[in-house]
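The two complexes that follow have chain A in common; it is paired with chain B in the first and with chain C in the second.
Right, the complex of A and B next:
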């Protein structure tokens, strides 16, 4: 985009026109309108449909020009060839923002049609998202332009993570994954071909958005590399950015070009830029989710010494491996901690880190260990392994951990691996802000990225 | 173990004595007995308890010597100091196998007590598993010596994967993870300190076991390196072995030594041995599970050319990246396939690999694509991405994929990422033997390991 625009009303519109609001269930425009109705949106809704007087119980308009009211957001869901004309009408009606969900532009070679779209957006100075995208979602504003059936997709809770995705498919699957996690969503922005609004505009908005604590991005290609780098460097001094790049390999880059018409470029240069800008780089979607989780809940650590307490020896061994492999240190307890642990642990427990409390560890033993370890000045971060398959582990252990967490000023995370009974306790702990990881590697890698970001902030904030 | 023994009756006992079968709910011996009763075990059960006449409604015996019947398996769950005496009685009573679940031996420095145990096992030639272990489970035989409360742990279905774990904690969490997967369990063997029966004996048994298609192992240390290597090389010519090593780093190795008294040794030498023996090496527990999954269901591929069909462009891009990063090739369609696809795909679909069929792809489009691609001789393996969040994807797509899978002689797997609606379809597909992966990396890495194993088999079977 050539000028700076405030995306606030695009994300929190008080009035939405849906151009192409069909009466036909399953059609994109119909799904979008009904998602607004079912989602409890309490602003004004204007279906626009040339051939109907009413859609889903609402008065329909032939054109946005017939609405004669202020429109914060027009969502356009009609065949590509009709989009420019609809945008002209939006311009004349002084619509404040446009989201074009329709595909059929540069990604299929129709670059002229896309240029035409951009010219109209510039002429009327209307920030326009898309085309070829899912649009925006803001759970606080109950605004959601995604044309996906709600029963197929669990929606995340309200929270501090904003997720920006060039791909609609990746966007919707990650949202669905996030719904299973304890952290919630601030904004979702799917920007497709980035014809007008691009990643630079979006970061510029989100870095100042107080509801956004963490920015998470799926990027296939960046249009304005220099501007992107500049804004990204400023943003990471305010909040963490986690990124995954589509098109990391030659074959992947080729696939990306036919997907969002992106010039994926060499991954090495992206990778270098991301690192210099202080991004956390995810290699897989599951990594994207678990890195978002650590940044959403944990304070930044002061050092790399990790303590591990566990009720499963083998998982303690694997976690120790993961800590070392990720460049962190296995902490050495202070003499005071050793003394306290010797006093309260049964004789079969070796007083060392990781502290293997054995399979019969119950909430009393967890509590004793937490009490000794949590205040040790030689420890920067804490991993608590709780395998809920064991005889001693139950909800009272989870409750104890939650209460210690609330008093901790260091990063503290849990590893629990398993099925239904474990999942229940994960929900319990995460709902209070105690993040739970299902594998030693995910846990250690997340802490390592948290530390890296802390060091980046320390190094560059002072300059 | 110094002699070769048949573990068949340990895993499929027709009569089980539980030494230490307490009347006290929650006590290890009580949990084991009740798990046999609740699990529908239909062999003979003999509780052994010095202080009770009845336990859980069964006649109890003061000693195994009082039973006067053939005993296939004695499970010993009493304090360590009393174990040798109980084993002596087992010897005199001609018990055929022993599992010592009790801890308190070499792992806490009590090596003499452990040596005493081993001497008795050798004197009477009774194959003895443990100590410090969870013992064995065979879902076909409904035999299960694990002392874990059943409500905390989902149990896997019956299937072809045998899981051997030196750690009980890792064992139980992996079993719980496997319960969510479509593939089932043949045997579970937790062998703890490996004082008598060790990994060599176990592989020797499982490689000949017809119910076992895949062997999966968690190992902290191997006692007899040479013998292990020899038996492992023979075993991998019959069936795949997937392994994860605890104690890969110096810090992890130290943790392992206080866990199962294992000399973890240098990981480099283990890694080299595992590779030479044709193992698939997992780096994390989740990898262990998804590698087990591919070997449990898929035929070995003839080459490395992968075709991808998708209803989500971005996930197609990430999958292409993952294919390249894992050393596989993005297949080039035959002319015949291109012709067929051009005929049946809508004009917006680029006829290339990955085939991005767009977000409105329904079962008809999936079926058309499968029909053209599945018989292409230029394709060795097939990844079908089905994002169930999209408008066109529903159970009829899953049903179509299942029917194509049943006629395929090449590896074919699905990537579906998401929450409840996706999970439902995963269960549907996996129950018919169509494996579903939740990430591009997991899918591509699994296919790459499958190919590596195929190449190993090809290279060494001929020698």
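Right, the complex of A and C next:
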């Protein structure tokens, strides 16, 4: 592994120097320092500020060279022109990792300044993230270099999804979105201009990181296409990667000299590479979140036959449509299952898939249906629709589903659509690892992507 | 980039086990009639000045009598005046099937790509194509086919799938190894029991 991919101490630093830790509230360096203090970080913190002796109650240093202690991570938040000098000092002080939050480099045409930065990083062999990025966050280590005030951004809980974003804005938006989802975050890496550490290094790091179960990426473009493809296809044999590509505009099909040239534009080649490397491709940010959700909690399915049980007929029909539209099959129950269901369901219930248990279905009826269906060998995946607006559906139904889920070795997800009362039960179920979707299409599409990934893994693990 | 001679393209394909339809340059009506030997043929005019042959009326199909061949040959010669230098090529008429395209180009990020999809006159209209990085294995070849909206049509409900998979793998090997900047095999006419590559365009 390249030293640039050894990011363990960048994500889990035991000592952090913040270069540009201003005393002015609202200044980037000040926000970063205070986020460390507020976030309960228990390692060593060293504010670096040329003009102050104390910042936020901590002793401040004129330079990292004055710290005389080992520094796992230096966060640099000073104007671009001063960054190379600060990095030079980091090199001399044997700092182990650098995050350059500052902008004003290649993204505004200052490529020379950026090259200078990279040369210093190479000279001292310090993995350097950025510039022009939000940096990193690891909720387990309570380390967070983002300069966003904590009250404006909800932080996700601890979990297995690592999120890599070229864009800081998309990064923080998605973090805020997933804060209300049941799955939690392992690592967040916003890498900006990718001047030194790039996508290849980050994937290399995350594919080996035990805490990361799923990798989610926002990419606008990669620097080294083939290298990225090679590392990505190795990574997807270990864990799923969900990706969204920014900049999908078709390359101008200007008087193309061949059909292929106009059909295989830049976006199409990324799409091809993602598919070939076994990625799951999200079309928008909400899809990114719900695909992350399915991979975070569900085992890989053995086939495409889906069973649906529901307490609402119409939603069952919509779900059946969504299953077919996403290339999955509506399962046919085994004779044994049918026999069992006939015994325990009221006579108004048709014994077929989807199983519409009627609006008065309570936890007993859910339990009876689950007990028959969950062990049916003709079923590969299970969708349970629970509309909490109905008289029978309450917390005891949610509790029942949670207990079946814990014993289930096949993918099992819930569809619940509604507002506050539903949301409450969604949180209850998701906190135990039972994913809840608010639309039939999101649910079916997620299962379809799960299956596609399972097939990819199967195809390549045999070799 | 230079347009490769058609017959050179045909023998390059053959090196990788890919057969294209029987073809021969003809310099006269008589040569074309001899090539046809009583069967239906196609005559095409090939010139670097006009790459979209069919649209420009440079492809004469279903020439099943000597009179038709003679007439088509004269017409092509007429059009050729403004397209010099040019050559006229005679080919067997392909049997009916579904028109597909196999193509390639070099991407600045990812290198050589292979493309497969619905071909002929549908290429631009439907844009039903799939793309991969070269080289591809059997699984990816299968995925390229499955990804198409028209996969059932192109594979004749799966009957031609195996054959297309190996064709794609062979083509990807060729693209990888040869000096190919751009490639259009279009149309590749796919039948249940075989295929005919009817047009070859290689830029290298």
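Following the convention adopted for this analysis, the second predicted complex is superposed on the first by the 442 of 463 C-alpha atoms of A that agree within 3 Å, B and C clash if a C-alpha of one lies under 4 Å from a C-alpha of the other, contacts with A are read in each partner's own complex, and residues count from 1 in each chain.
In the analysis below, contacts are C-beta pairs under 8 Å (C-beta built on N, C-alpha and C of every residue); 3 or more make two chains touch, one makes a residue touch a chain.
In this text the structure is predicted, and so the values were computed from the model without any measurement.
Asker: According to the stated criteria, A:127 is in contact with first (chain B), second (chain C), both, or neither; which is it?
Answerer: After superposition on chain A, A:127 lies in contact with neither partner.
Asker: Of the partners chain B and chain C, which touch A:435 in the superposed model: first, second, both, neither?
Answerer: neither
Asker: After lining up the shared chain so the two structures overlap, which partner does A:135 touch, if you call chain B first and chain C second: first, second, both or neither?
Answerer: After superposition on chain A, A:135 lies in contact with neither partner.
Asker: Would you mind checking which one, chain B or chain C, touches more residues on chain A?
Answerer: The larger set of chain A residues in touch belongs to B.
Asker: Is A:271 in contact with chain B, with chain C, with both, or with neither (first, second, both, neither)?
Answerer: second
Asker: Touch test for A:151: chain B only (first), chain C only (second), both, or neither?
Answerer: So A:151 only meets chain B here.
Asker: Taking the superposition on A as described, I'd like to know which of chain B and chain C A:20 touches: first, second, both or neither.
Answerer: neither
Asker: Examine A:29 and indicate which partner it touches, taking first as chain B and second as chain C; both and neither are also allowed.
Answerer: So A:29 meets neither chain B nor chain C here.
Asker: In the superposed arrangement, does A:159 touch chain B (first), chain C (second), both or neither?
Answerer: Touch status of A:159: no partner.
Asker: Considering only the contact definition stated at the top, list the common interface residues of chain A for chain B and chain C.
Answerer: Looking at chain A, the two contact sets intersect at 258-260.
Asker: Under the definition above, what is the set of chain C residues touching chain A in their complex?
Answerer: 51, 101, 103-105, 107-111, 113, 115, 117, 123-124, 127, 129-133, 136, 139-140, 143, 147, 182-184, 186, 201, 203
Asker: Given the complex with chain A, which residues does chain B contribute to the contact?
Answerer: For chain B paired with chain A, touching residues are 26, 31, 103-104, 108, 147-149, 151-154, 165-174, 176-177, 179-180, 218, 220, 244, 246-252, 254-256, 258-260, 283-286, 310-318, 320-325, 330, 348, 350, 352, 354, 356, 358-359, 387-391, 393, 417-422, 438-442.
Asker: Looking at the complex, which residues from chain A come into contact with chain C?
Answerer: It is residues 221-222, 225-226, 229, 257-264, 266, 268-273, 275-276, 459-460 of chain A that touch chain C.
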